[in-house]
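The next part holds the structures, each set out as structure tokens.
Next come two complexes, and both contain subunit A; in the first it sits with subunit B, in the second with subunit C.
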Partner chain A sequence: MSAVTRRLPRLWWLGAAVLVLLAISVLRVVTGAEDLASSGTVRATLIALVPIMLAGLGGLWSERAGVVNIGLEGMMVLGTYGAGYFGYHYGAWAGVAGALLMGAIGGLIHATATVVFGVDHIISGVAINIIAVGAVQYLASLTFVGLPGGGQTQSPKLDNVGSITIGPLSDALGEVEDQNIFFVSELAAVARAMVTNLSLLVVLAFVLLFVTYWVLWRTSFGLRLRSTGESPSAAESLGVAVLRYKFVAVLISGALAGLAGGFLAMVASSNYRDGQTGGRGYIGLAAMIFGNWRPGGLLAGSGLFGYTQTLGLRQGGTSVHALLLAVAVLAIGLAGYQLWRKQVRLAVGILVAAAALITVYAAIDVVPGDFVNITPYVVTLLVLAFASQRLRMPAADGQVYRRGSAG
Partner chain B sequence: MRKTARFAAVAMAAALTLSACGSDEGTDEGTDNGDAPTSDIKVGMAYDVGGRGDQSFNDSAAAGLDQAIDEFGMESQESEAEDGEAESAREERLRTFADAGYDPIIAVGFAYAASIGKVAEEYPDVHFAIIDDSSVEADNVASLVFAEEQGSFLVGAAAALKTETDQIGFVGGVETPLIQKFEAGYVAGAESVNPDIEVDVTYLTQVPDFSGFADPAKGKTAAEGMFDNGADIVYHAAGGSGGGVFEAASESGNWAIGVDSDQYNTADPSVQDSILTSMLKNVNVAVYEYLSQVNDGDFPSGVTTYDLEVDGVGYSTSGGFVDDIVEQLDELKQQIIDGEISVPTAP
Partner chain C sequence: MSDVAPAVRLRGIGKRFPGVIANDDINIDVARGTIHAIVGENGAGKSTLMKILYGVQAPDSGTIDIAGTQVSLGSPADAIKHGVGMVFQHFQLADNFTVLENVVLGAEKLHGIGSAAREEIVRISDAYGLGVEPDQLVEDLGVGARQRVEILKVLYRGAKVIILDEPTAVLVPQEVDELFGNLRELKAEGLSVIFISHKLDEVLSIADEITVIRRGTTVATVDPAGTTSRELAELMVGSELPSPSTEASTVTERVTLHVADLGLPGENRPLLEAVSFDIHAGEVLGIAGVEGNGQAELVEAIMGMRPGATGTVRLAGQDLTELSTRKRREAGIGYIPEDRHRHGLLLDAPLWENRVLGHQTRKPWVRRGLIDRGASRTDTQRIVEDYDVRTPGVDTLARALSGGNQQKLIVGREMSGDPILLIAAHPTRGVDVGAQAAIWGHIKEARRQGLAVLLISADLDELIGLSDRIEVILRGRLVGSFDPGQVTPEQLGSAMTGAGGAA
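And then the complex of A and B:
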């Protein structure tokens, strides 16, 4: 493996980010879809991507230790309630702690079932998803009914954790953004989103992403944890307490998923609401797979999903219309690449698809709502379809390990 | 044979009593009072998910029932659906009422459509009513539906009268024919005031993904997008996602319009001042009117539409933000009632 892996240059991700922004700038100028990179879009994208990213991080911890966690959705649901209950009674940061705690309880159940009792990971996870929804509805009817603005399906309004706004800088950047200068305005929009009403939980989420990377790939604790996901018997034969590592990993996984739910309840909206996770836990899992079980890839996956979803929700018709052109251009590039690889038939197929896209782009001005809503899913599927050849999951992921299997 | 039947009846009654233990809503509220009129009509009320206390649809239906109990001295028994319950559970709920002699039986919400159709066939002598659905055709079933497009027309007109940017928005929860009725009326109302007005329309999810009714985060993002793009008033028909729309309006200093109930009164105080008006859907009126007909010995069947004329729908004035345009709105209202304006039901 390592012999053929080429090392990417340092700070490659910064270069990639600049390239993406550059592409979006070109797209904006060509299509005139102004909302593609406004500061509002960037801010909403951050809000949309964080719950997915945190859920994905939860999945990462668990799966790197070899435990599949399809229960992320349920743990997120528990987290929304934790934020609702503790956030209302004890303040915003208690809400964060409550979300972590409730998610960790979900993780505890999953860890006990899969690690201690060797239950099939999928069965345990699905059970948690079902139980969590029922448990939270029950708890909500016990604790939120009768509170001002609360009821069976929602909590009262919650306080938000603080946010960062640097007023003068924000205004100055806003002026630059309004000038519509190619690339400069986009850069200003991104910078403006960073200094305007930036929630501390967003910052915390990115810190957690980095901490996850550092712990799992730069410490011996992380190395041991990952070894239990790759080859638990080898790890145990070398003295690693496999079950303990797995247990801890799933607990952390649950806490992170719970925080994802808490973020939804406190930052993305401002109360607990029955059913508000809307499948984001599953999307988080998909983002993690998309990202090849790596933090950076996971961020890219959740960013792609969050961005396309935000575009669809804000100025759906025009923005997604612009994306059609972008996809068509990408497809032409891909066809060229396939041609270079002498895959003529494939290249022709892709070219036909690109031609069809361009025809659609030219024929309509606004994409109908039905198609706007599926954009994030289609884009994710497309990218996965082309990138999935290189994905590699932890070798022992999803396998039940019993103590002493090393023999 | 007869003994068995009697035993069955007792068992049913016992089961009903036991099931009543689950909810603390009392029965016989009207009969406790000595002066209150009495009636031998027993109403079975089957709520949708949420039941009493949901601050919305079910609560409104309950208010209509309470009013009827107060005025006519009817007896009632209530039961509510659970989230994600099976079709058979809804049928069983209706059968339990019918077996125990409740007549009429009112089902709150279109989720009961299929089960009403089935159970009404099994009990041809019992009368049923269903709210928000008109798909069941039977002699013993009354469908109580609303002219949501007419109420939406009025709030659309209010938005067009109040906007300063000539651009307004509509956030729908899930793109279903029912929610499209809201959109159609809203757009028509706005255009009746200002033919050149621009109306942005966004639906949060598509069928069969119904999460769009419970996702305030998406509601907020959609409304923010509209406000950033130049709209200054956004109407939502998105159930629980509407909370996000209110927040977006409040944070950006714009207006939002509520739906179904007077949301100025139910929303959090911090966003109250951003709620221009609400489109009212008076489920209580429908329930009360139906029961008062029943009290007169008449069991209606077929579709009854509650529209502006009978105050089945309307708009709210809480907060006093639309006080200056009430005259114009009432004029439009009269024109709709008189048939001078016909409001479309599909966009």
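And then the complex of A and C:
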């Protein structure tokens, strides 16, 4: 019975993606904000989404094994440096390896503290975030000063990994996009972004997302790893080496976070810079929580944050202004749902908020720049506040486990 | 004893923890194809012994032979390799996993984690009549089904020796019968079952041999055919077994607790629906039900811990419906929670701090919003003496006390707030015979003093012995009222599972 109610249709994500695109198309026509779904926006969204998604994947590995990893941010910072140092000296792919390695070192520290010594996960993670920033600043002043274009706060320019462009297809899709046909143009824009200057690291990130799903949910290694996050004492009673799995999971988590940092340095920008991560580790964690500790949900969460962040950068005022209307409509729908569930007070509250949004939408034409910049963060807060009602984290997430606790 | 080597032979097993000797010179032979019961009070060392046999803990001394070969069990993996499987008292299942995932975990090499494993699970389930479906989520299963999953887990690994730790503690009589049916099938297949319990009637009905453990050592091995439960009890505790039965009725006309049309909406069906009852001063109302049928929700709704509850709760004429949990407690409710570790105590706080818990607004231990340590400690000392809490002192951490002593402290604390209603949820769960008798005594004393008592218990003998009236709860509704003087545990069991009608 429950197996039936819980299982979503096989291609639910495809349907969901089409629905979102459709909604954006409608919004474009209604508000006239042309950059809501141009191929440029889609491409920029991909670039903005990948570091968040990789950080979230890191969080997923760690938390599925029951270790909360608030240190993702610090591990990303280590990754940015790793990409900067190794990328400059040994080439682009060495930079990728360096980012993975540096992140894994952060993961090693976190794993040693939390899994071996039983330190509180939050304390260890926050310590890593603080130490990583200082360590990287020190290393940068040691290794980048005096190099061409390098200095205390940035590395020299880095080579990028390759990218894929299918020229003729890209041009053809570009023409369709310029026709401004409802929905078709949006579809073309998305497709065009996929075949124009698509960075190999973006492809790699999506491969990693799929590999994560496959390993964690389709292999016995993954089953064991998840069992240490759901019920470590049960796992141990069945002979699973709980601490070893947790340790490995946190190492992988660190490496993925490091890769997220490396992506920021090499693809999203062209060199290592101080403070480059800008809290994306935390947003990655939020995206993972929003995604209910599942890869598919994590992708949706990263997409949401990446998209709002991108809108802020491209004709931000107009696009975010259009978004206000979308949120208001969503809120009205939500209010209706709550009314149907007989939660009258809640429904009224949401309706008032929706009315306020519509008022703001009507009163101004462009959202001021400062507010545009905080959009992704406001969205993070709002989404988590609403989504957290139905989320289910691994049952033993955040708990320190000591060997011999079985039975 | 016989020519064939026993399935398990334990010789001189000893285990010490700091300050405690858990096991000392334990000697047991378990013959092949038999059910061997191990009985003893809580804290007698049964659980430690089983953890040693399952490789969770290593013994300090002694030897373990399995099927005639001496083995060293350093981890559960070793035990599994030698064909020893264990069903823990607290089920070792991941709730958010399917049955399949729980079963194959750690044994993926046998049949993989896909369709071959699914077929094997169905095959075992059918062979032993376990009725387990591989793709259900464990959190959707009832207690009996979870236990069968645990047994299946052990069989899946090809165990020849199965240890069951207090398997009947959470089951109703019908489920116990089913379990015993399953165990007899296992026995018929030549498997050996080690059955740990302190319910002597059950042990006598199922076991082929019984070993008694007292204070960490084996005191006797007896044949159930020539033994009575009274003799077993005396071997266990060295004195007579107490009984829960109450004396003459003290029920008055005065209604203390009035509950009308209590409801609580749930995900699929209501957790509570149209629950109405009165408890008079001096009356014990027992609630019988299979776990998960709304007992916990009922208690929490009365305590004001469940937002969304509808209906009215009146205590001695005062309407509690809109009050917070603290106000309700102050109005005169004493509450012995179901899970003392989660709700009753701060395990890592000293006893005197635990004494103040729930009374943190009341004099004399709190003055002008500050805790008066002196008064709290003095009063904790009083509880320790009056309620026979065995502890080195009031500064000891609650964690260091045995379950029975923790529970006695809670009973003492709750009775110290001058309550007019006592809610006791599973008050003797997991405590030893001595503490059980003491707690029964306190409940009887509360009844004599004219308190209304709401008693929730899975122990039907306890319910029948202590209650003046028993209501059966099924799927959140009260479905039948019984007179404990007339009813048998079997009749209650039928009503609890919805099989029989109300009397």
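Definition applied: the second predicted complex is superposed on the first by the 401 of 407 C-alpha atoms of A that agree within 3 Å, B and C clash if a C-alpha of one lies under 4 Å from a C-alpha of the other, contacts with A are read in each partner's own complex, and residues count from 1 in each chain.
Everything that follows uses one rule, which is that a residue touches a chain if its C-beta (ideal position, glycine included) is under 8 Å from a C-beta of that chain, and two chains touch if they have at least 3 such contacts.
Because the structure is a prediction, the values reported are computed rather than measured.
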Report task. Give one word, clash or fit, describing how subunit B and subunit C relate on subunit A after superposing. Result -> fit
Requested in this report: State whether A:L238 touches subunit B only (first), subunit C only (second), both chains, or neither.
Outcome: second
Query raised in the report: Where does A:A65 make contact in the superposed view: on subunit B (first), on subunit C (second), on both, or on neither?
Result: neither
**Report entry** C-alpha centroid angle, subunit C to subunit B via subunit A, nearest 10°
**Finding:** 130
Requested in this report: Return first, second, both or neither, reflecting whether A:P156 touches subunit B, subunit C, both chains, or no partner chain.
Outcome: first
Report summary line: Counting residues of subunit A touched by each of subunit B and subunit C, the higher count belongs to B
Requested in this report: Using the touch definition from the top, say if A:L259 reaches subunit B (first), subunit C (second), both or neither.
Outcome: neither
Requested in this report: Tell me which partner A:A395 touches in the superposition: subunit B (first), subunit C (second), both or neither.
Outcome: second
Query raised in the report: subunit B and subunit C, closest CA-CA distance after overlay, in Å?
Result: 37
Report task. Enumerate the contact residues on subunit C facing subunit A in the complex. Result -> 47, 50-51, 54, 56-57, 75-77, 80, 86, 88-90, 92-98, 101-102, 104-109, 112-113, 135-137, 140, 153, 165
Report summary line: Residue positions on subunit A within touch of subunit B in the complex are 35, 38, 40-41, 44, 47-48, 51, 133, 137, 145, 149, 151-154, 156-157, 264, 268-271, 273-276, 278-279, 310, 313-316, 369-370, 373-374
Query raised in the report: In the complex formed with subunit A, which residues of subunit B make contact?
Result: 50-51, 53-55, 83-84, 175, 201-206, 209, 211, 214-222, 224-226, 228-229, 240, 243-244, 247, 266-268, 270
Query raised in the report: So in the complex, which bits of subunit A are touching subunit C?
Result: 1-3, 6, 219-220, 223-224, 226-227, 230-231, 233-240, 392, 394-395, 404, 406-407
